[in-house]
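Only one structure is covered here, and it is reproduced in the block below.
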Amino acid sequence: MRKIIIGVMGPGTGASETDWENAYTIGTLIAQEGWVLLTGGRNVGVMDAANRGAKSANGLTVGILPDAGDSGVSDAVHIAIFTDMGSARNNINVLSSDGVIACGMGAGTASEVALALKANKPIVLLTQDRESQRFFQHLSHHHIWIATSPKDAIAFLKQALTRRGKTP
Amino acid sequence: MRKIIIGVMGPGTGASETDWENAYTIGTLIAQEGWVLLTGGRNVGVMDAANRGAKSANGLTVGILPDAGDSGVSDAVHIAIFTDMGSARNNINVLSSDGVIACGMGAGTASEVALALKANKPIVLLTQDRESQRFFQHLSHHHIWIATSPKDAIAFLKQALTRRGKTP
Amino acid sequence: MRKIIIGVMGPGTGASETDWENAYTIGTLIAQEGWVLLTGGRNVGVMDAANRGAKSANGLTVGILPDAGDSGVSDAVHIAIFTDMGSARNNINVLSSDGVIACGMGAGTASEVALALKANKPIVLLTQDRESQRFFQHLSHHHIWIATSPKDAIAFLKQALTRRGKTP
Amino acid sequence: MRKIIIGVMGPGTGASETDWENAYTIGTLIAQEGWVLLTGGRNVGVMDAANRGAKSANGLTVGILPDAGDSGVSDAVHIAIFTDMGSARNNINVLSSDGVIACGMGAGTASEVALALKANKPIVLLTQDRESQRFFQHLSHHHIWIATSPKDAIAFLKQALTRRGKTP
């Protein structure tokens, strides 16, 4: 009955065009799997792109907002959870996700990947950035997967969910 | 596109039989309106009853859990948000709801009604408890409605949402 | 080695003159006991008055702020803890206090008294408001004390701390 | 009147002997500057060592605990703030610190350094770990300083505080 939730994290205003396109495609693929998409919910960057992708494929989207109120929410979020907790909500993003995909990198995204490691979640990095890949693999070899494409990211998560007994 | 979310708050293990039945009916009615049900997500008392009611009417249910992990979640929750924040998550329950129904009363529920007042949300009290009615009406006449039945509670919220420009 | 911490809660801008005077006196008395004063830290109402009282008696003061940044902090706060969590920080106020005094009443204060009940903390209400007295005593007879003066409030807390094995 | 607060972050059970010794020395130096030490407050690793160091030099120590209750707190913490928020409290650690020293590295520490970058705080890394140094300098050149010793870390923070108009 409980739905599988996949968290997609990544830069807001600092997202590159590649990050944006990858996030859109990942949103689409998550919806096609029948999974729920979870993001930070704002109307910028990777969050917005992933929500738009999921919406285009008739997926269900949850946004965990840093603010208390209605402004700045992605139009493609169905269920908006307002935390009024700023970056402390990053831990909720991670704990509520059965798996996490980091699409691009930035300070906020780095905190989410680190918290996901601490929470023992399956994590996929979809970034060409070598320092990020090295750093997080160095922190933990077990739960990090370096993906080369959105499809690759989804395939890894499917395996990880199966290993953990969650029928994807 | 964003869905209307109604929060149903109330005692867990301390819920009376009347609280349980009211919560179940309220969950059903919320689902029939096409609204999303939001609760504290645990598998006891008012939270569990409201989720079961909404599920029986094919509604969508969101649970905002106080814990980090999978145990203790109502079977009738579709989307589980894990906060690991204990009672501090009560503020998230309230901020994320377009309207709040308190079904019964207890210390946790009282904190949620008080936080909902502070957040300027439409609130319905569905309880026969006179001290609760007097205290919260005394705190604020504007946003509190004393309901005599689940139907009455839903009717009030419909009006309140309309007044705020949210087409219910 | 750990210091005894007493939380003083009450209205901000809505505080009455009596609330302000009571809070100032309570701050003074807490400092004279060698306890640390904890408040919501803002530069208004009961929070500000209690901090000024404690400072006047050379006490140590901790403010748990709802915001992320430096503005709006009481000048009489020594240690400012910035939560950026809005009203969710009310639960931290309560959990970090060995005992809680509510000086006056409002929506935020009501949430703190309710959360203190849930956390099983000794609580003193210093308010003439009958609805508040009745409601919270109705919620729990065990942990609530209705005080008639700041001295009375401190005397009750001393007894409660002793009963719990915390040498005040 | 407000005290300068320096946060010292680092591994708990995973701390190396060098991390422990560095943290103890840093705690001592912070106390000697008249600054308040802030840590995650637990009785293990870098948190415990820094608190013991500060205590040995008659400093004042604040612990921001992840739990709700009394167990697991470092004996050398004067003021214990109980958040019951798990790793979400990492953001409070960072926001409440005028400067942050990371002593060693781990998933929790990485999240704190990333959140400190996002909050625009002066940060010192005291670790020999090259991947950490490269990754965080890559994320932001502006606010990160790589220290080679506890004394070096304190000297950098003094300059950073002065630049920001906080008389250290």
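First chain written, first letter: the chains are A, B, C and D, and each begins at residue 1.
Definition applied: a residue touches a chain if its C-beta (ideal position, glycine included) is under 8 Å from a C-beta of that chain, and two chains touch if they have at least 3 such contacts.
Since the structure is predicted, the reported quantities are computational estimates derived from the model, not experimental observations.
A.B. asks: Can you spot which option in B-C, B-D or A-D is basically A-C again, with over half of the contact pairs the same by residue number?
C.D. replies: It is B-D that reproduces the contact pattern of A-C.
A.B. asks: Taking the mean of the C-alpha atoms as each chain's centre, how many Å separate subunit B from subunit D?
C.D. replies: Chain centres of subunit B and subunit D, defined by C-alpha means, are spaced 40 Å apart.
A.B. asks: Measuring from the mean C-alpha position of subunit C to the mean C-alpha position of subunit D, what distance in angstrom results?
C.D. replies: 28
A.B. asks: Scan subunit B for residues touching two or more other chains and write them down.
C.D. replies: 68, 83-88, 91-92, 119
A.B. asks: Hey, how would you classify the chain contact layout here, line, ring, star, complete or other?
C.D. replies: Graph shape here is complete: every pair of chains touches.
A.B. asks: List the residues on subunit C that touch subunit A in their complex, please.
C.D. replies: Result: residues 68, 83-88 of subunit C touch subunit A.
A.B. asks: Going by the contact rule at the top, pick out the subunit B residues touching subunit C in the complex.
C.D. replies: Going through subunit B, the ones touching subunit C are 85-92, 105-108, 110-111, 114-115, 117-119, 129, 131-132, 134-135, 138-140.
A.B. asks: Under the touch definition given earlier, write down the residues of subunit D that touch subunit C in their complex.
C.D. replies: Those residues of subunit D that touch subunit C are 1-3, 5, 36, 55, 62, 64, 68, 73, 75-85, 91-92, 95-96, 119.
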